[in-house]
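Sharing a structure here in structure tokens format.
Chains here go by letter, A, B, C and D, matching the order in which they are written, and residues are numbered from 1 within each.
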Amino acid sequence: MNVPLSWYLILAAALFSIGLFGVLSRKNAIAILLGVELMLNAVNINLVAFWRYLDPANMAGQVFAVIVFAVAAAEVAVGLALIISVYRRRKTVIADEIDLMKW
Amino acid sequence: MTVDRIIFLVPAALILGSAVMVVITRKLIHAALWLVAALFGVAILYAILQASFLAVVQVVVYIGAIAILFIFAVMLTRREMLDKGAQTRSNWWLPALLGLLILVGLVFLIIGQPAFGQPAAALPAGLDALRSLGTALVSPDAFVLPFEVASVLLLAALVGAVYIATGNKE
Amino acid sequence: MPFLNDPVNFISGWMRSLLFGWGLPSGLVTVIIYFIGITVLVMFAMVLDIFLVWVERKVVARFQDRLGPNRIGPFGLIQPFADIIKLVIKEDITPTGADKLLFNLGPVLAIASVIILWAILPISSKIFGVDLNVAVLYLVAAGALGTLSIIVGGWASNNKYALLGAFRMVANMVSYEIPMVVVLLIPTILANSMSVQDITQAQSGMWFAVLSPLALLIFLISAIAELGRSPFDLNEAESEIVAGFHIEYTGMKFGLFYAGELLHAFTFGGFIAVLFFGGYGGFFGLEKLGIFSWLNNSFVQAVVFLAKAMFGYWVIMWIKYSMPRIRIDHMLTFNWKFLTPLSLVVLVNTAVLSKVLSGLPGWGYVLGMFLSNLIIGYITVEILRAYGRKQRKTEANPSPQRLQN
Amino acid sequence: MEKYIIWLLPLPPLLSFFAIILFTNKRKALSHGIAVGAAGLSWLGSMFIFIRALGVKEFGSNIFGSSINWLPTGSTWLKVGVQVDPLSAVVIFFVAWTVLAIFIYSIGYHNFGQPKGDHDVAGLPPDGATVTEHGHTHSVPSIEPMYSRFFAFISLFAFGMYTLVVSDNLLTLFFGWEIMGLCSYLLIGFWFGKPSARNAAVKAFMTTRIGDVFMLLGIAFVYSFTGSLSFSEIFKPAMLTALASTPAFFGLSAAGIIGLLLFIGTVGKSAQWPLHVWLPDAMEGPTPVSAMIHAATMVSAGVYMIIRMFPLISAGWTEGLPLNTTMSVIAFIGAFTALFAASIALAQNDIKRVLAYSTISQLGFMVAALGIGAYVAAAFHLVTHAFFKALLFLGSGSVIHGVEHGVLHTGEHTDPQNMFNMGGLRKKMPITFWTFLIGGLALSGFPVLTAGFWSKDEIFAEAFGNGHILVFIVLAVAAFMTAFYTMRQITLTFLGEPRTKAAGHASETTWTMTIPLIVLAVFAVGFGWVGIPEQFPGLGGLIPNWFHAFVGGTLAELPKEVGFSWVPLATSLTVALGGLFCGWLVYRNVKSPEQDFLQIPALKNKWYFDEIYNFLFIKPATWVAEKFTSLYMDQIVIDGVLHGVARFSLFLGHAFRTYFDKPVINEFIGDGTGSVVKASGTGLRKIQAGRIQYYMVASITVLVIFALLFYFLLV
């Protein structure tokens, strides 16, 4: 493993930033969730890389990656259910048009 | 430039390229499929990092469940096949700037840490990562509580999602 | 003869020394050898696939009291090649409204999701792609790719039948994945490992099919559902949605879906063999005797494995050509209300009993596991019988309210 | 094996609590079955643990215990766990016995099997039922209306006690402590229909709360200093040395401050002066049972806690050195409480109140013993006292029950708890009499036979032998008073002739009440024999001094047994026998309160402590609220200011309206401002767009800006 840890971290940072960009710039609510998934994966890359590079005997990194999986699954299930529910009522999934809380 | 580095760079390029496509592509289905590609790249990274269990679970959970859910949701929330018009907000440059700033800041901080420049040591001999992960998840001395909390969270999300998506049946 | 004992390593060692002799760097040599290995494995699978077309057609003909292909070549053996030529020279249509990239990606993914399974299929103790320590999960992960291929193909066709078929297929696959994953844990528990090699070795004394026949049954049912074959062939139910997700596909793209399905069925036959019938081994300890030591030979093992896989494939075909298609709500109900709970019960039973009985001598352990499965099976059948009786009663005397609705 | 059972010890009562509350509230027999069964299970487990503990050599250093990680706090874990060391083993022994005894006793006390009362309502004591039998009607006791609820509460109480005893850390100990506080509130106010019970419940809760707050402060101090709450961590020698040598406030070391704060918790829970006022009022609860909880078990928890924390309190002190400040305070409070409460008990006429003050006094003995460093003596007296005081309370409940029976039978309206309405019960209630007598003798320290003698004698010996003469004298006087009022009580209650018709018709209570009495009486006698000092003349060494070796092993080094001396033994004999004899002599002919020369107002009124507190704290608070805040501040100052402002505003408004508003605002600015505001509002409301991404962009922008500022300005 001749790759320095910083490469993984930079990759994760880049993935995180791309995901953040997606979250902030996409119109479609589903696309926003896609961005969130990218961000969660960036976190997971960090967790696993730290596990491998710093302390492989301690499984904390992998365990929390597993927990992030669970959280991601929960988040997608609830998020998509909400989006579908909103779509049924308002016939739109554009985040900017879901502005009942306006003013 | 050793083989190791090439083996890292190929999936890394796949991940970043796919991730960029996820956020800029116009067709939402394509975005979801690019997400699959990006997540597959992450699975490859896990395999490179010798976290074989996570690699396979990544494929099972993300591609087998989450991506499929996304595609379903995309299909269920439209009346026509194609996405028309701009898919990004008009002031997309601000998020781009923010993302860039965060990236630059993080890279700056990461490079500033000499400890992060080290290559990884070999895994300790006799470490069965799969077995010790399993033990860690259910051992009371380790992470059984977070693990149980996560399972309760999943159950709650399951019930909540079913309730929300069912809607009120009069 | 080292070649007869370990053909793969023998050949790869020979090629490695050959390539070194040409002055190539070691990293490149490794890459080339892996590449060649992968190619050989894939070629083997694809050639087998062609043969499977013939088998399928021949067997279905016998089931339906026909002769099957018999004109081209001896016993019609050349018929598949004629089919291939026909498919290749047909017009390759991409519908106008289709999403071109995805439309072409679908069939590729479909066959790829099957081929990658061959990476972990242990053909013999020496001939195998890779011995993953998470092989059982890998099987599920590959299934996820299969799901993806179908939804991609169905969506990209821009055809309502295709989309409906894809939806049905995905609902089917995602649902039946759950009992499948649960049941896959049973060989894992019994062998104390997720590696298919370890699972095979663990069955050298006794097949897991005997230790947990219910698990075998559940795995078989969910495998058939995963394949989308009759009685779960709702994705291409001709009488309802014409041809389902591959309605728009022609020529070789259709051929890939078709070939993928056949190979998938055979591969699942192989996994049934590995997980429940001892794979390439499982001779009940016979191979330890001096006169039967030839059973340890790689080629003998490969033949044994392929025979067992073919048997599994044949059972899947048998079911396909004997059962009518079931309704989609019945299919989902069957999974969620019957198969999933049953698989959980079997899992808990196996987990508890394998600990409790571990102190017993071998035959006591086997007997205990087998009897517990029989008991669970009997209770299940009784519950089903009671349920069916009640159902028939309500259907025979419908209440006035139900008639009104 | 043992450690798993320890985890399970508190569980059955908790399950029984939930089962009764949730499911079996209507089924009285099932409820008490569940509760007694649960107590029985815990009893079984406790006995198993105790017997296993006896079999372990040098148990003090090989204790049973296990702990799990509970809450991650940064890089470390907050652990919770259980342990049984010699101290908790003996405590768990008496807790298991007394809890089981109360549970069984409660069945009889709440008149299980009797008919429903005529006028009984939930929240008031049952008041008798009329039964027609063979053509004539008569009154019988009636069953408690909230029977099941009572068992639920005492189950929860038992859970709290077990949790406290098996805890290996201050956190779960405090958890059990607070559960018992809650249960004590619920049980004192069990008959919430009586105003006195309501007030007593609130008083008990509030008073103990004062102690608990200080105790929590102490726990927080421990945690912030040592980073751990488990006893094994805190009591490490290095840690204790550090604690003892770190100066904190008021010239005390950290250990001293922590010890004082925790001791205030004990003062509240174990009703030491000056927070003793709640305990006598707690006798408002269902007569013997909640009283017994407040005598044998819960108040013992306070003493148990302070004994448990003894290594911390005595950090830096070794036997022979002068006491440190904390220990002196503890010794003073204990000795003072012992004397002071005993003096009040002399003049009480209510059978239960005498015992309540006696409890306070005896707890004072234990606290004083601990204060002078007599660790084993304090623990010994804790155990023996729990047995004989439980016995006395249950006995007094039995007496009251018997007299109540007489009251119902005769229809006479007499107070069944006033000792002057009794007399001559010896023949009516023989079992109660004999067990009560045993308990009373044990309380007075009747020589050689009773457990109380041995434990009290050990305290005297330690006090005298280590040169704490003042404590010794005070305790001796208190012990004399103890013997005196005990004999007064026995004489008034059981001896002589019945002084009322009700007493004349009293009858022995049912077996569910007498069996616990007999069992406890056995312990009240026998438990003293395990701690006979080695050098005691004649008897010493016949039975090895098991208790000292066993409990003393809890400490890092075994405390020395104090040498034998005739002075404390002679004192002990004199005060016990003398007090008993004087009590009998004075009261054998007393017929009514008028003939009792000890009905001095000061004693009768408990040295006016309730009145003093009323005057010092409650009156001023009420006065401040009613007079100062409400009348003066609110009605005169604030209202006056407000009225003035209002008048001034009216004037000002009028002026403005005439000279400013109409000409300037309306005509010049008026509509202009309106349109400006409207325009800016229209502009600004765009910020409140209701669009989630808008908010996210804004917040992350701010985040990035602050990160940059932070980095460039601060780093």
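Definition applied: contacts are C-beta pairs under 8 Å (C-beta built on N, C-alpha and C of every residue); 3 or more make two chains touch, one makes a residue touch a chain.
All of these numbers come straight from a predicted model, not from anything done at the bench.
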Partner chains that subunit C and subunit D have in common: B
Higher-contact pair (C-beta pairs counted), B-C versus A-B: A-B
Subunit B and subunit C: spacing of chain centres that average the CA atoms, whole Å: 28
For subunit A paired with subunit B, centre-to-centre distance based on mean C-alpha positions, whole Å: 6
Geometric centre distance via CA averages, subunit D-subunit A, whole Å: 53
Subunit A and subunit C, separation of their C-alpha mean positions in angstrom: 33
In subunit B, residues with contacts to at least two other chains: 53, 57, 65, 72, 89, 94-95, 98, 102, 142
Subunit C residues counted as touching two or more neighbouring chains: none
Contacts with two or more other chains, residues of subunit D listed in rising order: 693, 697, 700
Inter-chain touch pairs (all): A-B, A-D, B-C, B-D
Contact footprint of subunit B on subunit D as seen in their complex: 68-70, 693, 697, 700-701, 704, 707-708, 711
Residue ranges of subunit A in contact with subunit D within the complex: 20, 23-25, 32, 95-96, 98-103
Complex interface listing, subunit C residues touching subunit B: 27, 97, 99, 101-102, 132-134, 137-138, 140-141, 143-145, 147-148, 151-152, 155, 158, 163, 167, 170, 174, 177, 194
Touch list for subunit A against partner subunit B, complex: 1-11, 13-28, 30-31, 33-35, 37-38, 41, 44-45, 48-49, 51-53, 56-57, 59-60, 62-67, 69-78, 80-85, 87-88, 93, 96
Subunit D-touching residues of subunit B, taken from the complex the two chains share: 89, 91, 94-95, 98, 101-102, 105, 140-142, 145
